[in-house]
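Questions regarding the structure given below will be posed in turn.
Residue numbering begins at 1 within each chain, and the chains themselves are lettered A, B, C and D in the order written.
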């Protein structure tokens, strides 16, 4: 199916997310859509798949203008979207998920649906168990299920939003093969990403968005030079290559020390952890989703007590003391979901500083506002001391969260510190974290983005299937080797060498 | 610009509309009985102010009501629906009886103090049990609270019919009356014990101050808005939640003690008299803003007292006061819906 | 032995209104909406059902009116929470109190007036089967309906495409929306259907099992049903079992008076609710990570049945229960 | 969005108003005050523990007051009913009495044992207003202020007749008594019922007392308060399921006869003897063996006239039936109406029994009578005096059930 948009405009308040966009996507091809955060990619995809409605302009499927009132309309017209985290029902089995609210008349019976599913899975090369519950599957497997569901429900156009975030390299390869197959069968695939390599590998055409507009107007055929695409995406400054500064070796005392830790969390069973995390280092945790990084971070933050063994912070045994004690010992935890468990949306920055005051019966508002003003200046946060945190943008929220780290902190645990941020914001955040590292903090972060890990870590720890590898100095690691390791290739050898 | 003006208009018209809607519903109900709604409203709205006796009855109802509502505004700030407030009041009343029955000969002042302390402790214990069920056993505070309410009323019933029963019969009218000199002193022949409203007003002032000015209050609000984030910022979230429950339990327990020493002068099975649930309505309507608690508690107490005259004068049921109270809160909730 | 069957049959009958209301609430909660107004709804529906049946002399009209009242209150809850975005808990609670008082006020003329009642209708032939006849076929239509509604609800939720949508509404409404279903409208539908059942349960009291109307005629039943739905883990058969257990406990409270000469046995009445909360707490404690860790250290022979039992008892709430739906 | 909300709101309100109008078409509650009393009307007020239309105790009192209004010119009656912790949680008796006095009442009648303290408190506060505390004994014990009188009927006789009717009818000899709360009054009424039943069982049925099962279950109050008392509906059902085939009611309300009627329609043969109110059989004509009832009218008329004349003295009165005509509305405080379910043959035997009570040839409170624990209630050869009967300590031997809470 051939789809096009004409003069499509969508505003959110004063922000024009899509500004008179005109572009078309031919059938039987894979189309890359590139752009930095906030460029308007997601808005365009949501418009195409009916999640939101345009203010102006129109959407045309096979030369027929369409009004999409919801994702159901879009799917009925043949457009299906796979969200970053698949919009499925975790408590259901694969088959139930397929049958749930399927268009009438598509599956005559459970058995028919199962046959169709298995047939399609064979064709696309996806292994699938129709009776498995989705919450037992990995993100990658759920994505496969979602793709098959949309195809079986009649999708002629498949939109994938950052599909390779959080899936294994092997799954990514399988996904690409399947997408090529889908395109070869005459369907249209829209592949939204900010990873140039993937787009270069997979796509027939590329559309670059910047500030809500297509630059230059219209689609480009692939391949294109990488530097050119970077300039299109970010402007001139965007092309600057990442900087890596090797650190002088320091013999610092460990901030954390794990002794003979055994810990169980859900299906994961971490055994015999013996690690020292020195001050003045940035340590990246690489691994597939649910390989143990989360458990390790929670263990180091004191949110999870080990079944056996000891956790020491600055030489003090804090085993089982609880998150509050860890925090008092200088451990700061920055969750990925800022508004969910990072900060309190309805309170202002000044309120947050007031919360950090540790003594006195009454709140010292003047001091809190002073600190907030200081932080706003230091961290270039676009806010006033009394603006509710919820009304700040993601980048400003993340900066505020960093600003709230007390100067006494000696260990920072950051979960996906730049999640959802554009490149400029991400760089600003990292320069702050690096400054902290230079002040003698130990910073441990996890990220699904291997580039980020390669770019900012001093040492990398690979987690694979609940096993925690030894720290590898960044200088000894290449991107391809890291990708292999998180997929398990050579992981055993690595652990054995460390022994 | 336009939306600003819209919001201003909305902020003014919505409460009025809510009020109109609540009265419309109540009027419909009144019309169905065939009596004059105006006459009924005159009694319900102003009946409590018609004689000194009724006024004093209203104040004696408003005092425990305000105490409960003040306590609940703390738990609301902490993000908890403390439906267990009835049980906490009952537990407080039972606990308050203990010193009074053990040492009836001690000086009254000392006994009242002891009784208040004991009542507050009873309420706290009952509230903390809810906290424990929520914290450790993952039972929502709503159902834990309901369960504890049932348990408390069972306990009160047991005390009245069992160990503390009257000499001659096990009567639901309660235990034997306390000795006269243990009744909280009243003004002349009115049933008004000035200590009760004073305690309630003191509680209101202290809680208002604690919630808005102290670090504890800020932490409680932070926990109420987002416990996970507050915990990350170093607030002992579980502890603060338990503290809000305990604070509410203490105030409800004192309300229960007042019911014993100032109102019923005995333990009766239904010592809480639905005041706790009414307090929930007051707190919901005040939207946990302590400044509104006093006027609303007084208004609700006077509806209840005024409505007693309905069966007497108009031959209709007094439950219409409850209908009016409920409808006011219901439509006030709608009036708060965001302008989208 | 015969006495046992008679008592069991009495339990099956006594639990009928609870079962009907509990199935209604299960449907609502499975679709993600918690209807906390149950106690008030049942009272107002019981009163209206009785009043209408009495004035019209038609039982069916009485039940229909009760269903309408239940549905209307559910619709009000839906309007305020689903459409206008207010807390389901707050609105439901206020409605519970409001409807209780409304039932007292409007029901005043009907207090203890003799009225129509659902007639006893044994099922011919089947009623004379030993044991089974006594247990299942010597009742009235309301009780038969309560028997049928359990498998019907279970089938609806687990055996039909509609059930998939209902359960998905409570688990992940965003996913249902993405499949082209109007989440709000469907939640309304389930809430109103559930409310109608709760209304019918109210009438089952006033027109059958507790004939007539008096002040707060069914007081407390609604709260108990809410607890039973949680206790039953939102699964129809288990919820029904909870209702029957409750009825058993009530008979125990009545019978124990002769056995306990110096004990005010009416306080045993509070036991069922407290017991349910207690059991719920125990199960939750037993399935907590810490307890699971401890269980893992047990010898294998113990581990398997223990974990199996805990898993069977564990109740997982629908993931989106009580949460407002926001478009993704 | 907003349009839709408005539509819903309108729909909901319409529905609600439909319901309301449906209920509104019912006759409104009876008017409380009798209209247009003469200028110098004497107002008397009544505080009732339950609703005036409960088909039992409270309705009997209410009708008694109506009798006064009919018979005595220039009298105005006001009342406040349902004064109990379940229906009016925030209203105390003394508060209700204050309201009535505020409306001009010169005589107050309170109708529950629960009201003893409140009646005394209010009477002490208003020495110029007279009070009748029905069913109380504070005058007897000397705890009441001088403006209070006690009044009660000798329902013991009514209950004996009820017990006899039950014993004459029961097939299996299994009688169940739906008891309210446990106090001397209720104990003596249960005992009277049992004595009547045992006498007729032995005399007319010719069966030994050991074959008569008589069980009491107490609900805990005069009527059902959900959550506080046992539910009388369930208790009655439980009686039936256990095989009891006559349910005698001792509570204010009519659950006993309602459930017996329901069970009979379901094919069981269960009878009922309601209590308190003359018209109580209406709840289940087909199963009603008869009802012992109070006829408060004549005594209230007498006391109202006394109060109006200002000739008031404290007194504790315990009025018996008019044995020459039990059901005379103008003279007999205690009556018994035979129910349609009582067979003609048994009715004749019952009349014979009543005649024996009337002429004094039969006094069932004649020793030897023993309490449940074997202690002596009335020694051999003696007859119990009023005070012994009034302050009955326990249930009699032979009765199954609690004697004390």
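Just so we're on the same page, contacts are C-beta pairs under 8 Å (C-beta built on N, C-alpha and C of every residue); 3 or more make two chains touch, one makes a residue touch a chain.
Fair warning: this is a prediction, and the values are worked out from it, not measured in the lab.
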Considering B-D alongside A-B, which chain pair is linked by more C-beta pairs in contact? B-D
Report back the single chain whose CA centre is most distant from the CA centre of subunit A. D
Determine the centre-to-centre distance between subunit A and subunit B, using the mean Cα coordinates as centres, and give it in whole Å. 48
Centroid of subunit A to centroid of subunit D, CA atoms only: how many Å? 75
Please report how many Å separate the Cα centroid of subunit C from that of subunit D, as a whole number. 36
If I count partner chains per residue in subunit D, which residues reach a count of at least 2? 1, 16, 20, 23, 28-29, 82, 86, 220, 227-229, 404-405
Find every residue in subunit C that makes contact with two or more other chains and list them. 84, 104, 106, 108, 264, 266, 269-270
Numbers and ranges of subunit B residues touching at least 2 other chains: 29, 32-33, 150, 153, 157, 161-162, 170, 316-317
Can you give me every chain pair that touches, using the contact definition above? A-B, A-C, B-C, B-D, C-D
Name, in rising order, each residue of subunit A that touches subunit C in their complex. 51, 70-73, 75-76, 81, 83, 87-92, 96, 99-103, 264-265, 307
List the residues on subunit B that touch subunit A in their complex, please. 213-219, 221-222, 225-226, 228-236
Touching residues of subunit A toward subunit B in the complex: what are they? 323-324, 327-328, 333, 335, 339-347, 351-352, 354-358, 360-363, 404
Contact residues on subunit C for subunit D in the complex? 3, 6-7, 10, 14, 47-48, 51-52, 55, 65, 68-69, 72, 75-76, 78-79, 83-84, 104, 106-114, 117, 119-120, 122, 138, 140, 209-212, 214-220, 250-251, 253-255, 257-258, 261-262, 264-266, 269-270
Would you mind writing out the residues of subunit B in touch with subunit C in their complex? 29, 32-33, 81, 83, 133, 136-139, 142-144, 146-147, 150-151, 153-155, 157-158, 161-162, 170, 277, 280-281, 284, 316-317, 319-323, 325-327, 329-330, 333-334, 336-338
